[in-house]
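In the part that follows, the structures are each spelled out as structure tokens.
Here come two complexes built around chain A, the first alongside chain B, the second alongside chain C.
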Partner chain A sequence: MISRRRALQAGAGLAAAATFGAPAILHAETRTLKITTWGGKWGAIMKDTILPMFEKEHSCQVSADQAFPFLPKLQASPKNDPLYDVFHSNSNEQWSAVEQGLVMDKITVKEVPNVADVYPWAVSDKIVGVAIFTSAIGLGYRTDKGIAAPKSWKDLADPKLAGARGGYLIPVNSLGQCHLMMLGKVYGKGLQDLDAAYKALEQLKPIKLVDFTGQMEKMLLSGEVIEGVIHDSGVYRYEGANRQPVDFCSPSEGVMALEQVLNVTPGSKVKELAFAYIDFMLRPEVQKLLAEGVWYSPANKKVKLDAKYDAKLLTTPEKVATLIQPDWKWYNARKDDIDARVTKILKG
Partner chain B sequence: MLRHDSAPMSSAASRRPSPIAWLIAPALLLFVLFFILPFAVMAVMSFFSGNPISNPNAVLTTRHYQRFIEDSAGIFHDALWETLRIGLITTVVSLLIGYPLAHWMARMQSRLGHALALMAVIAPLLTGIVVRTFAWMTILQDKGVINTLLISWGVISKPLPLMYNEFGTIVALVHIYVPFMVLTLIGVIGRIDERLEQAARSLGAGRLRAFAEVTLPLSLPGILAGSLLVFALSISAYVTPSLMGGTDVLTLPMLIAQQLGTSFNPSFAGALGVILLAVCLVIVIAYNAILARLSGEQGLA
Partner chain C sequence: MSAVANRKPFDAGRAAYLALNLLLLAFLLVPIAIILVFALNPTPYISFPPVGVSLRWFVKFFEGDDFMRALWLSLWIAACVLVLSIVIGGACALALARGNLPGRAFLTAFFMSPLMLPAILTGLALFQAYLLAGIGRPVWGLIMAHTLVAVPYVLRTTLAVLHNFDRRIEEAAAVLGASPARVFFEVTLPLIRPGVFAGGVFAFIVSFDQFPVSLFLVVPKGETLPVVLFNYMKFDLDGAIAAASMVSILLALAVVVVLERLIGLKAYVKL
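Up next, the complex of A and B:
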């Protein structure tokens, strides 16, 4: 005979087992895709619209990490069971990751069919993985401080801007690194002419340096910086009801590319799902949603943006031709030396 | 005390730790799990060429330490010196600001006044360091409150260099760490018997002499603890020097973050961490020894 106490005990035991077991059972049924992604407006669009769409379509769960820095975390996780399946970063970090064997070399049409529709820059030899968007790095400036709209990268050296020009801490920010290479091109023999770049950098002192683009936006909006290096989306987003007296200039020498790159980790246990995610992110409707949400130029040629975005973003082959992609493999190989040199130049 | 009184206890029992000792177990566990263990991993990593777990080709090496010692780039030694200098100045200024405040609060008769002053000291701790640093930026930057006011009054024509340098960094650090100094000092000064100072004065010492020869030496343990706390916190500060320092300030914690987060070289970052701790320990031990000697038989340790 089962006593009442026994029955209650057995019931409680079962309930406990079900409680602890349920997530494991659920887990076994739904696959989880681990990705990295940005925060802010991008993160909100991803969380509210795009990730739920993908989860529904593929009956899976997406766990998105928005907490920087991603690459050191990936470095610390075992290669055969990586912390992320899809690694989203800017191009410079992808090059560091591929050198350490943490991501794949290339993403091709075979794995991701939508790669067939991307602009050549998104899969060029300067890209590891595949780029899904790019921003243009140029000059942001205040329109209400009595300075002429810049036309060239050289305009940043205007003596009137002493102490009111803005750049980045070159060791920690890829926009600062792009700017340094651009100085080599504008004042010397090319992107890799570091001696010319160092000399030109010296001429930009005094300059206000920040460590990330959000901080540069703040400096421009407060008037602390009147003209500074920034990506187009960091300026274009202040429009409509949000309008501010700032504008963006694509210098005549060309703009530097700030690509948003996706890549898959070789040790991922859900590679097919990871490729499906990249394919999904390259779909015209997804690209349009994000491009118009955060003012990024889409990689997919077939995306048709609304007129106001189409007018400013890099959406035609002619506009795309102004985009200069840096050789991050070359840069990363000498990063330590460059870091030390620019730190000494800018200090004091 | 109890153990000495009950002499006939067996030697085994006397070796058994007091049950109260178990209460420090959580703190000890926390210390081991979140300091000793991560630090040990970091120290081990600093002697490898790469991550030995994920990279089978990683070999034992001392090259990260050599890189620091040789300093062919000419920035590492400067960064170490700058870190220590900022820590030292922040500590001295915090002590100069914190000591009179703590003394005044400890001697305050009114309970309400004491509570209000204590709240004023603690209040800044309720907001994060990032928020407090940003607040200082809005005050000290070129278009900040001070410069804008001075320019509009015609006192100056160009903004004063109040931030993007060591000065701004130290101002913000002092503001952030003064509460630690004050809270540490209040406890110690509060316990000093006021009658000792009164006795000194009745024996003919002036107010200043009574303070210098009675109160100050008795408060040395508080000065020691407060200074060490503020020094340790300010040499390991990262957010404030990076936001306030601009191009002029490069400290070791900033270099460590650079190596880890943007050069992806955890081994060199680990070596820099070990060096920072080692230098810090040497300074702390030396400081401790000097102050212990100064305070004579006070027995600071």
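Up next, the complex of A and C:
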């Protein structure tokens, strides 16, 4: 027979086990989605609004890595237990990743229903995974330095801009790589005319080079650069209260696409959750929130932006038609040679 | 005697020596002055000359959750690394200097080797090792990684002190009846303390400013200050970076001052 004291002791033991065990059980049930994401304003919106929304809706936790470099970390982690479930990067890195088998090659409507509503550029043959936003790479310029608003990519070569034009360290920046391809198109036979691009690049010297787009923004703001290669978001974000004497030009030859691409790692243990996350990021209300927060053109055709954003971003088929998507597979295959050549050209 | 007779003749060598010292001081301090100017300039971008004086970037830094979390984490890690490096580096130095170990030169080179390897590779190698071992990227893993690159500093400074150590003092203590433990704590340790603590200062600063090793080992919401600053710079290159740098410099200075109070600057300078 069990004594009362024994029964009480057993009860207390069970209660204690339940109390201490409950968080562990709860933790075991809470799935964690590991993603990469940007910092800055984008990161703030994600952290404050979007990720909590997703976590609540899917009863999960999102571990968002904002610390670069994402691709080397993904490469170094085991393929069957990758460091990330969803890999967010620009298109060039997605192409490197897919060739190493680190991400899926396509995301379709079957996995992500909202893919049905995206513009063709978001799932074109130039995209691995699915693009959720794009920026337009064109020319940013100062409106208070007495220069005419640029109309063409060729305007960057204006001798008056010597030493005050801005570009990128091409080996490490995809905007710089896009600019190089655009030089091939503007001065030669097309995006892949590297000889023409190298020749045109030579003519842009002296040019101020930066690593990151954030640096280019600040150089334009400080007036150190009067005209430079930049994406529209990097200029438009200084609208309103932060108004600065800078503006953006979409050159007549077209703008290059700087896509924000999401993809799933094949070894992910929470693949369904990863697809759900991408679907969530393509929802019109989420797209609108981020598009208006950071001035990115949404991939979802159904997004209705407020008038001031709608006027400037690529939100109609006509405007989308000005977008040129680089062939990163082609570029990455030649990257080492290109890096060596452009470094030689620009090191002086 | 006239005033003219009292005047010392112009010493060109001394003047050149002073000029060189001033030049070196300027070389070391001008970058800090420039950072201070950027930190106090209110423009939303880093520019020169400054247009005014404002504390807005310091406010942004201290009000930023990410910055503060990273700052405290970096300080905590650096404090752990300081203690671990002193214990490990000090013990290694004693063993190498006193242990009559075979292959002493090889062992010394082995312990110094983390300094010879590019730190980014150390970080990448540890990242892969941790993942393969299935331990993920815990904070203690980051502390161990920082300790790995910090120990050589303590080792080198302690070995320098031990090199000139007069062992007869220890022998005298032993002859007078002190136990080996008492000899160590009351004779050896006080005498090698300047070297150990000088290395500790380096270890703290190396850890606090460590970027390449941390790059692969930090986790989301567990980034150290240099990593947070690097990522911040990619998107928002404003005065908050300069304000953060000033805070880092002042903190490093504070640590040096505290250690100076503990062990005395003169002892430190003897090295």
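Rule of thumb we're sticking to: the second predicted complex is superposed on the first by the 323 of 348 C-alpha atoms of A that agree within 3 Å, B and C clash if a C-alpha of one lies under 4 Å from a C-alpha of the other, contacts with A are read in each partner's own complex, and residues count from 1 in each chain.
One rule holds for everything that comes next: a contact is a pair of C-beta atoms (placed from the backbone, for glycine too) under 8 Å apart; a residue touches a chain by one contact, two chains touch by 3 or more.
Owing to the predicted nature of the structure, the values given are computational and were not obtained by experimental measurement.
Partners chain B and chain C, once the complexes are superposed on chain A, run into each other and clash. When the two structures are aligned on the shared chain, A:Ser222 is found in touch with chain B and with chain C.
Of the two partner chains, both chain B and chain C are touched by A:Pro72.
Once the two complexes are laid over each other on the shared chain, residue contacts for A:Arg31 go to neither chain B nor chain C.
Shared-chain residue A:Ser63: touches chain C; no touch with chain B. When the two structures are aligned on the shared chain, A:Lys329 is found in touch with neither chain B nor chain C.
By the touch criterion defined above, A:Arg283 lies against neither chain B nor chain C after alignment on the C-alpha atoms of chain A. Contacts of A:Asp337 after superposition: chain B is touched, whereas chain C is not reached. Of the two partner chains placed by superposition, A:Lys154 touches none, neither chain B nor chain C. Applying the stated touch rule to the two superposed structures, the overlap between the chain B and chain C interfaces on chain A comprises residues 68-69, 72, 76-78, 222-224.
Across the interface of their complex, chain B is touched by residues 68-69, 71-72, 75-79, 96, 100, 163-164, 169, 171-173, 205, 207-209, 211, 222-224, 335-337, 339-341, 343-344, 346-348 of chain A. By the touch rule above, chain B contacts chain A in their complex via residues 51, 53-55, 73-75, 141-143, 159, 164, 242, 246-248, 250, 257-258, 260-264, 266.
Residues of chain C touching chain A in their complex: 43-47, 124, 127-128, 131-132, 215-216, 218-221, 223, 227, 230-238.
Those residues of chain A that touch chain C in the complex are listed here as 38-43, 63-69, 72-73, 76-78, 81, 83, 212, 214-215, 217-219, 221-224, 242.
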